[in-house]
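Below, chain A partners chain B and then partners chain C, in two separate complexes.
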Partner chain A sequence: MNRLLQWPSLEAPFWVAALAVVVIFPSDLSLATAIAVMALFAVSLDLALGIAGILTLGHALYFGAGAYAAAALATLGWAEPVSGVVLAGIAAALLAGVAGPFILRSRGLPLIMVTLVLGLFAFELANKASDFTGGDNGLSDIVLAPVLGVFHWSVYARVEYLYVLAFLFVGFQGAKRIVGSSFGLALRGIRDNPVRMAYLGAPVQSHLLRAYLSSALLAGVAGALSAQTTRFVGTDVLSINTSIDVLVMLVLGGTGSLYGALVGAIVYMLVHHLAAEWNPYHWMFIIGALLVFVVRIGEGGLVGIARRITERSRQTIGRRAKGRP
Partner chain B sequence: MSEPMSESGASTPYALTARGLHKRFGGLTVADNIHLSLPAGARHALIGPNGAGKTTLVGLLTGLLRIDSGQIWLGSTDVTRLSPQARVKHGLVRTFQVNSLFPSLTVRQNVELALSEHAGTSRSMLRSIGSLTHLAERALATLAQVGLEHEAGRRVSELAYGPQRLLEIALALALEPRVLLLDEPAAGVASADAERMMSAIERLPCDIAILMIEHDMRIVRRFAQTVTVLVAGQVLATDTPEAIMTSEAVRRVYLGSGGQARYDHRS
Partner chain C sequence: MEPFFAGASFIALYGISYGIVLFMLSVGLVLTLGLMRVVNLAHAAFAAIGGYVAVGLMNTLGMPFVAAALASALLVGVGSLLIERLVYTSLYQASELDQVLMTIGLMFLTTASLNLVFGPDVVPARLPAWLMQGLDLGFRKVQTYRVFVIALGLALITLLWLLFERTQFGARLRAAVDNRSMAAATGIDVRRLYSLAFALGSALAAFGGAIGFAMLPLEPLYPFKYLTLMLIVVSLAGMGNLRASAGVAVLVGVVDTAARYLLPVAGAFVVYGVFVVLTLWRPNGLFAGRVR
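Take a look at the complex of A and B:
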């Protein structure tokens, strides 16, 4: 019935596999860390776009806000990383609290344009405010205490990866919780038919704002994790490319299921990595071809395709079983 | 202004009172000094030719459109300045002439949406909807009221048109309205489903005041105790169905000189 509930059997193996990466690919943990960061960012976008239907093309705003907030905290001497991430997430949510009421007044194409313009504006602002952002050179003097005072950051990125994975796990469970609540159902109702929701007496704007704040919080956390694990923040965290990348990941994996965000981020980042080794200038062709293929095949992205295949094979097995004497 | 009282002068006010509603779109007057009052449990039909302002009136009553002047009361509450959402909270609920549902959700989830908004649980972000068992039970009970309980698990996008019309009514019922505005509930329903629709409407709780816009005079005669005829934004007459059907004035402007009641051509 609930689309989400068709995948729990695969979720536990997924997290186990994510942990096993530490043992199986010990030399690729920087890449794995970057993938986990983008997966959390994609989950945050799915909450706003896939679940609540907020068509935003400027979500890098909150990713960037989180990244700069984490970097600023570290440079100001707040070296404790976990609270740094939480504070950065709250900073991003506060920004969404200011921008949200303005942004959420529009829907559809005007909403896309408003978020796009706001994203471009923030990017230019970061470029100009080079005293704070370091301009083109970025911020690189990020000094952090060991995680929980015990686990020292390593060159092999093992602590980094497990640290991000823990945040991804908690963030994903939180998002799942929201989607599975009656608030989450109301969001899907607004996505389907906002006018009728108003005539059910729903406070549509306040529902949307709370979804947007939750999404910005997660995006800010992802941005902060990016800043902490790479020890660097450049203005590209706010660029329109960052917004587009995460959108492509989400569409590739499939919107509205949360699982699609995880799958999309992994596939996109791996293809990016492998194709860039093959040809650093034309890797986008591969992503483009993949995206066209997925969109042509039908709704739901890679997760949707996988679901349809399993359903069909289940039906075939069922028919065969019935056919037996 | 004082509270609107029912004719008997008793302290129970009408479920819905509209006084002197005016609305102009540019040079076109779409509501001209409309008075309407529905006691609790009313079965009131609103008829009139296309363009008479019937759906506009529903828009004015529900707050979708802002009136230029006049007053609207729900019970003893003046709701003239309230938003559509606030009017729903005061018990004024409408259905739509064109199905307005949530196509990607199941039939039961559609009703659960309405129930959880009504109960105020839609604000809780972290409690699983599965733990709200009374919600699922009440959704099924509401669906049973319109005979849709066997379709509960189906997606609305896979549902035939007739059952979708019934779901429109189930959504309204889930909000426990005091006043229900039905905008052509049988519009476009195949004759096989029309009887199902009518009996669902007849089984609606008798304490709800219902205002139904309808073209089909057979349905009006079967449903209504009172009929208001709207022509060019004005109330031409309000009377019993029998008196309306035999009224010379109504016949002239609306039913046609043949005197034979028919449904007019829908655009």
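Take a look at the complex of A and C:
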């Protein structure tokens, strides 16, 4: 049975709670905005890594491409934000369309290395091309028109948060659609056994490429949202740390279920926020421990744990019910 | 002609000695990858620890440079056996994702620990005087250290070649790299071989980290900084291809040095660019499909 279908009852309350954040935590909305951006980025990585099994360590490439594309559009005078995000997402997908066919020729370890080095290459490129990226200073002159011409950007990040949340909702539903479709089923088949899927006649390479493109599109959208809501793009959007951060979020929440991406991003970003005062080296203890912990608890991350707990309690309830006729 | 020659000899000397250190750092990774198919991203951490231990032995016990490097290689090699038992045995059967996550986690923990114990700055350490002084090669004067590293590297490559080609251990190792289950079927204890190869690889990385500290400065972020270069060497050499790894490491060292010397603006990125092009050309290593 499709694992996703086990969680629909919690999804509606989740989105209601996400909306309620505006009322309950009105002073923490910039943090909430950052969380929502990373959640969308983690969802995009789940499409590539969790669903299609494309083991990439360089997904910041598309996040960064989206961020720079959005910033470039804004500086060129394209101030309308929504179309800016869409165009930036398309730009990231185009980049994936160029790089994807080469990247996806390898699998496993070579794939990890190629994506890692390609990510580093892009990061170095952004550092060198300071005329375009602002180098270490980044780009900060991003001027945007109000959302839909009506909602003005605010200091309290309320419009920013709802704006990102809307994209997260649409992006998540789109990802869910992909996963639930027969195409999504084929992708999971390829993830588990590419050779058998090829024998069954599935066009493995073109399926993988389509999954990679959709993932890059969402990652680019997330990057564009980050650029627009913070009005800043630094070269760190392309850094290997960004790739590792989103990977840790995803595996912490649990890969392959899409819900894990949301849960992981929220937990990771909240912990990171609480530890913001820390020495960054001490923060590495947390990341390292989280990674070891995630591998030790086995498949599914936090969502996996929650699922196992609910299944166990359901079994005990079932047993009790049988005990009393 | 004169400046061209000066530049070329600089690139050759610095590039080759740098490549030799890269070889020491990455040969263990080539070996363990070929043998166990474990994506050990924490391999660079052993090099960092080796460097720290050697410098510690030099600074506190006053050990000579080469002795400290050898002692540190021995210590790290033995210590890595323990870590292999505790952590890596459970990874041999794990998915590639789990291997990546676990070993990145170990790398983070190492970096955080190095910072906690030794502080965030580059460790102050000095080469002994006899390596610092100039050596007249007839056509130019160079730092003895660079020549020493090259000589040491050639000796090490010869030793490893003898070990892999001329001993029982080497024959078993090559058999297991080529076909693990067949090797096990002929009575080779592949598990023990794994442990020995892992310890040997970690010891070599530690030795490289110790010998190379004047080229690759020791700091907590060392594992992250040099992992990429190691992965480039491993990936271009092809998994388990020990013969190719020395050549590829020197090639990477020379390309990187030449790029930084001739195009200081482009810097590190030339070597990444060359890697991307070569990988697209031959995704499974430069020598894939040829007889090893």
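Simple rule for what comes next: the second predicted complex is superposed on the first by the 312 of 325 C-alpha atoms of A that agree within 3 Å, B and C clash if a C-alpha of one lies under 4 Å from a C-alpha of the other, contacts with A are read in each partner's own complex, and residues count from 1 in each chain.
Basically, a residue touches a chain if its C-beta (ideal position, glycine included) is under 8 Å from a C-beta of that chain, and two chains touch if they have at least 3 such contacts.
Nothing here was measured: the structure is a model prediction, and the numbers come from that model.
Contacts of A:Met113 after superposition on the shared chain: chain C is touched, whereas chain B is not. Contacts of A:Ser214 after superposition on the shared chain: chain B is touched, whereas chain C is not. In the superposition on chain A, A:Val295 contacts chain C only, with no contact to chain B. In the superposed model, A:Val23 makes contact with neither chain B nor chain C. Touch criterion met: A:Ala202 reaches chain B, while chain C stays clear of it. Comparing chain B with chain C, more residues of chain A are touched by C. Contacts of A:Gly184 after superposition on the shared chain: chain B is touched, whereas chain C is not. Once the two complexes are laid over each other on the shared chain, residue contacts for A:Asn193 go to chain B alone; chain C is not touched. Residues of chain A that touch chain B in their complex: 1, 177-178, 180-186, 188-189, 191-193, 195-204, 207, 210, 214.
On chain B, the positions that touch chain A within their shared complex are 62, 84-85, 88-89, 93-94, 96, 100-106, 109, 112-114, 116-118, 121-130, 132, 135, 153, 171, 175. Remark: chain C residues 33, 37, 39, 94, 96-98, 100-102, 104-109, 111-112, 115-116, 120, 220, 224, 228, 231-232, 234-235, 239, 265-269, 272-273, 275-276, 279-280, 283-284 touch chain A in the complex. Only residues 49, 55, 57, 102, 105-106, 108-110, 112-114, 116-118, 120-121, 124-125, 128, 240, 244, 247, 251, 255, 279, 281-282, 284-285, 287-292, 294-295 of chain A touch chain C when the two sit together in their complex.
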